[in-house]
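Beneath this line is the structure, given in structure tokens, with notes to follow.
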Amino acid sequence: MTTSLTPVLQVSDYSLAYRAPRGKIPVINNIDLTIARGEILGLVGESGSGKSSMASAIMRHLPGNAEENAGSIRLGTTDLRAQNERAMSDIRGRRMSMVFQDPATSLNPTLRLGEQLAEVLIRHQGMTTAQAWREGEARLAQVGLKTPAEMMRRLPHEVSGGEKQRVVIATAFACNPELIIFDEPTTALDVITARQILDLFAELQAQTGVASLYISHDLALLSQTANRVAVLQKGTVVEQEETVRLFRAPNHSYTKALIAAAPDPDKRLVQPLEESGTPLVSVQDLSVKFGRKSWVDSLLRRDFQPVVGNQAITLDLQPGEVLGIVGESGSGKSTLAKAMTGLNRFDGLIEFDGKPVRGLSDMDRGYRRDVQIIFQHPDASLNPRQRISEILGRPVRLYGGSGNPRERIKSMLERVRLPAHYIDRFPHELSGGEKQRIAIARAFLSNPRLVICDEITSALDVSVQASVIDLLMELHRDTGAAYVFITHDINLVRQIAHRIAVMYRGDLVEISDAERITDPDRADYTRALLAAVTPPAFTHSL
Amino acid sequence: MPFNRRAFLGSTVAATALAAVFPRVSLAQPTPEAGGTLRVAVDQAVSVLHPLLTRVNPEYLTAELLYSGLTRLGRDMLAEPDLALSWEGNEDLSVWTFNIRPDVTFHDGTPCTADDVVASFQAILNPDLSSPARNNVGPIDKVEAVDATTVRFTLTSPYADLPVALAYNNARIIPASVIAGDFDSLRSTANGTGPFRLVSYEPDRMVVVEKNPDYYDPARPYLDRVELHVFPDFGAQVSSLMAGDIDMISTLGPNDFLRLDGQDGIDVLRSESGQFCNVNFGTDIAPFDDPRVRRALALTVDRDAMVDFMTEGFGTKGNDTPLNSSYPFFKPLTQREQNIAEAKALLAEAGLPDGFEAELVASDRPAIRTQLAVALREMAKEAGITINVITMPHATYLDQVWTKGAFYVGFYNMQPTPDGILKLLFTSDAAWNETRWNNSDFDALVNRARSTLDTAERTDLYTQAQAMMNDEVPSIIPAFFDVLGAKRTWMQGYDIHPRASVFRLDHAWLDASAPTKG
Amino acid sequence: MSASYILKRVALTFYTLFVVSVLVFGITQILPADAAVMMLGENATPEALEALRQQMGLNDPVWLQYLHWAGGVIRWDFGISMRTGQPVGPALFSALGTSLTLAVLALALMLVLAVPMGIIAAVRRGKLADLAVGFLSYVGVSLPEFVTATLAVLLIADFWGWLPPAGYIPLTQDFVGGIERLILPVTVVSVMMIAHVSRMVRSELVDVMHTDYVRAARLKGLHPRRVLFRHGLRNALLPTITIVALDVGYLLGGVIVVEEIFSIPGIGRSLMSAIQARDLPVIQAGVMIMAATYSIVNFAADLMYAWLDKRIQYD
Amino acid sequence: MTDFLGRLLRTPQGFLGCLIVGLIFVAVLGGHWLTPFGPEDMQALARYKAPSAEHWLGTDQYGRDILSRLLDGARSTVVMAVAATVIGTLGGAILGTGSAYLGGRADEFIMRTVDAVMAIPSLLLALLVVSLLGSNSANALLAIAIAFMPSMARISRSVALTVRKQEYVSAAIARGEGSGYIVLREMLPNVIAPIVVEMTIRVSFAVMLFATLSFLGLGAQPPATDWGLMVSEARQYLHRSYWILLWPSAAIALTAIGFNLLGDGLRDALNPRT
């Protein structure tokens, strides 16, 4: 008998729920999944759709309050649900293994990378430590790490995120398992690194022909990596299809919605900007440096080099313009935003509407009112102990304006498409998307002329993200406020920005018109960045 | 009639000399066996080693082991020979002559002569040293050496008790050379003529002494070694005695006494004493400047209850005078009892019909002071007197309240003589004039008594003095404490001394059953 | 470990001692007691007192007195005890030795018991063992030393007579006797730390066992024992180092009480009698020594932590 | 608030804690009226009585009714402990949050100094302060408050720092709010909760610290009914009648346990951990 007949993984009619103080919470409902050898099944779904629970269920690593139905989970011919813990621990890591979302947290901070790789080989291949370390080096070389021997000896905090994830992958492949579960393996990584990891994955997948369950929230990404895609909505698979077919002719409305929600650079959401002579803001070689010289440095006669957040940034912003800023984490996008809103000290000059601003002291009430910022995490940017009324009441009270405050707040709530009675709620009574709308409302209550959006959609699900963007664009049309839109999602920014600024390690690489970003004469880094971006699904699926 | 007096003195000397050889006249006294290490528990640190500056019992004990005085105090409160073999006073008791033992040597081998005695007393009397003995050794004007073995004391006024006074704990004989030389060396080293020699000295932990082979009495001491272990916690020292870790407890509380009483292998020791805890009035501060107020308060005291509360019954009722039957020349007055009605009447007379409020200060050591204060507080309530008890650390008390305050608790060891205690606390020229009573008639009585030899006459004088105190109440003395101690049965030749600060361990010995024997 | 890190910690330690010295000196200056009276006692004549004050420089301005004293301390001269007239240094350091014996044994006992208790509680979370440990630790942290000590002496020493009730024998002099007398004090003084640390270990371990990397380790199919000890415990114990070091301050406090009750001639008792007798030089030196001990222990702990966990040494 | 209480009572610690602390406060508030005898009335004939129908917990060395003294002492003991903790916490919190808000060198200086003070064991610090001010309950209270301040400053600072980093604070700054509003309305409400937890647990330390001070003769003074003092006074009568010592010791332990439990309960209720 050949394994090719029996699928590597077969989940049939499987349901899962969690017991909670207030009754049962269903997580997965009667799911059927099969993955054959060499096949990649993509599992897509938004947060709370139960995709991670599915992974845990397959790995048989469920919390104590989990309740399963009779459904079966088989790995090859073995019924995983029949295995006891000890038997499972022989299967885990040997016959099936897992790659996690964030390599930073999935590696033990105090153990050498080598040990964390070798321990699997020792456990499952019965190698001696020496053998395991030698084998380990080979594996690290295999995942494209230049200096494997040295890597083995390093501690997690001594290597980059990409390198960490390569080690994790090497560990997953270490025992040539039949099945590997990839749980959003690139989400925590920068665009370019993510691309490299994806390539590595494809390569290893091809070599080993391992069956893969690839969990992601990113349809576009799956459209490239998976052979088949299962769409998961609230614990139910609404559609499961060959990738190409799924994208060409989605049947289920939810699938359609997801595809529609994925940003498409060619669908411009912002109308062209009518040129006005004088810029609203002009930033002139603005730099931000962190840290201060400590007495120890002077004692040891070390010259002290501060951490550079921004290096002499210069850029203009027209009234009503939407400027996108893209770049990896640590490229200084947010630092710039913080500087412009007086959250960071800075050297250099910001000219706002002709008025020079050289430091915090120059940021008068007027400036504060005109320049508003919206943060990435709505649940962190809304004070958990204040009601919406107070949260939104502040700008009103602070910047004045006509009309009864409470009425103004209510009308603003309606403008951000939230029911007026939310005014007396606490943030924790709202969903993520609703919270972000409140944050937006707070920013616009002062009729700002410049709104800085710092990654405001990256914490949201695709569909929510889309609606928030719509709202943002609508407000842009109505108020004519200029935006600085900071994101790492290049597809999105190409949709909504007039111009795009690319930043790298604190430097401003270049600024180009959104339409011209793809031109061949762009800077190398820009081109690298765009190359790394997964083009949206359907352009791919002709 | 000079002859009579001679005879009297002669007889005292004889008697005391005898007493020295047989410390306790008792039949069935087994003969002492030499050897062994005696482990004594003391309740406070031996902070001061300097024999002229010691202040508390453990220090007195240490000094007694290492040094000798001219005389020492018998359990009968009479003077016994120590370095002085015999003594004699002149007609009017203003000049005394002491004959020193020949060929006594200090621990370092140098001989101890009259010169050392003279030097020692000059040191004691030197105000710069501020030795407690200075106020207690009697009205000495000058000390001189008649010859190598004879010392003559010339007094400023006649003083019958000199031989006893010279037995005072601080009146120790030290080498003239040390006094002239490095006097402070006595703070950390010792060189005396005592029965034991210093081995090691750790103030907060233990003091170790060993037998002095050249002691003037070839028979004693019997012990090879004595260790003083410092136990700040009473419970601990009692437990250790029961566990056999120590052989003797120098000072014991009533409750621990009850706990040890009847335990096999343990003898509890008890002796009636003139030790008392009192409530002092600043007789120069209102309202206590009015004798009626003082007497009123005295009348609120239920003395039987006091004896219970303070001593658990191991004591005797006090009559607001510092003397009791354990002192010589004592004759009891009619006992004052609680009488609230009379107290109230007196207060009314004194213009305080609704009583008054006062703050009673008690130092935190020993705890008995607070107990007295708290008990008095409750008793005084009945007469409408509100007392707020203020407890403070002993050091602060000495610094701020003692001899200055208006209303505070005192605590005193029994003194060797009635004169001793009266001159220490209550006469106008008292060393520690706590009450500022300053009653000249009273002073006169005490002074006459100290120059009188005739027992009956003296007794009469002291009784008058007592009556005066009992009437004016410069201080409430509600109860006297028995002194309590305990020892293992294997320790012998020791009994507790009414004075509480005298130990005579050179007579103590361990029988074969003692763990440290051999 | 970076040189600058060590340098920073050393400097910090010295700064600590400086602050403590100022504090202690300040307090002792205001103490309501006349040093001269303390030394000469109630019988002193005014002249004698004044002479002594002059000689002791008690009439100098405070800052000058501080400089004299601090200078002395730096030259390892802690002055003369007012109570005993002995030099303070030697006496206190021998006392410190005694206390350290007590403290070190207590620490050892604590580690031997607390860590396993914590582990068991964490592993059998919610089970009987966990509840038992939890209960014990609650009782443990809620009993003041003097109560535990009294009960211990009452039962173990007096009632059953298993151990000597009090006293101290240097281990060098009589090892068995010394240990016998140390068992009770050591146990009493370590009870509260055992309770505290076992709880810490438990909660730390519980947290660590919920981290991604432990989950990852499990999903690698590693043996549960390896997951617990190699991946979990190691990281759980790191913070415990700091906690234990901080508890040393508490331990030193407990030593004061225990030494008083068990009549152990340690630094705690020297301090108590010094405080009661207003023996300023001893108080000053004693507090300095205790603070020094504490900061040295914490210094060592920080270095150890930095050495074990390479991440945190640049903070 | 109600749902918070619900969560608190659902945790076993929270439930027990509330129960015990509740009982204690009944004693604190009503103790005065509940006492069957005057806490200081001496009965020369009823000394060292074992627990009986008349004297439920027996009588002490002066024939005073122990139950009455316990009830009466609840007020002084517990209120003192709570007060000391609150004062210490407030002092520490102000120091810590202030330091965190100032940041930079000022913060460094303050915190280093606080660390330095922490090098003196809190019991010892309390001892020094008491012997400095004179030994009575009021000073003991102050001493403990002072002894608590450094560690509370440390804790509240770290809490304040985490809050300071929150984006809603950044938002307020960017909005141009005054520091007054930021500290009081944005930061404080979020800082308080964890500090309250710590405070509750510290009350139990305070109770024990008080007891220990009294035991060493530096806390409350006779004839006060402070529990710690009762224990230390009772020690010398231990072998005559152990219950004089037993009851107050038990009371101290129970109180400490109660506040410990309550504190842990609050912590779990405030941030429910997995």
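Note that the chains are named A, B, C and D in the order they appear, and that numbering of residues resets to 1 at the start of each chain.
Simple rule for what comes next: a contact is a pair of C-beta atoms (placed from the backbone, for glycine too) under 8 Å apart; a residue touches a chain by one contact, two chains touch by 3 or more.
What you are looking at is a predicted structure, and each value in this text was computed from that prediction instead of being measured.
Looking at B-C alongside B-D, one finds more C-beta pairs in contact between the chains of B-C.
Measuring from the averaged C-alpha position of subunit B to that of subunit C gives a distance of 41 Å.
Work out the mean CA point of subunit A and of subunit C, and you get 49 Å between them.
One inter-chain figure worth recording: subunit C and subunit D are separated by 22 Å, centre to centre, where each centre is the mean of the chain's CA atoms.
Residue positions of subunit A touching 2 or more other chains: none.
Contact with two or more other chains is made by residues 131, 134, 217-218, 235, 238-239 of subunit D. Counting partner chains per residue, subunit C has residues 32, 150, 158, 260, 272, 276, 278 touching two or more of them. If you check each pair of chains against the touch rule, the ones that pass are A-C, A-D, B-C, B-D, C-D.
If you check the complex, the residues on subunit C that touch subunit D are 12, 15-20, 23-24, 27, 30-32, 138-139, 141-147, 150-151, 154, 158, 207, 210, 249-250, 252-254, 256-257, 260, 271-272, 275-276, 278, 283, 287, 290-291, 294-295, 298. Those residues of subunit B whose C-beta lies close enough to touch subunit C in the complex are 45, 47-50, 53, 55, 127-128, 130-132, 134-135, 184, 187-188, 202-206, 229-233, 235-237, 239-240, 242-243, 245, 365, 393-396, 398-400, 402-403, 431-432.
Subunit D contributes residues 10, 166-168, 170-177, 185-186, 189-190 to its touches with subunit A in the complex. Interface residues of subunit A facing subunit D in the complex, by the touch rule stated above, are 21, 338, 341-343, 363, 365, 368-369, 371-373, 375-377, 380-386, 390, 394-395, 398, 439, 442.
On subunit D, the positions that touch subunit B within their shared complex are 40-42, 44, 47, 61-62, 131, 134-136, 217-218, 221-223, 233, 235-240.
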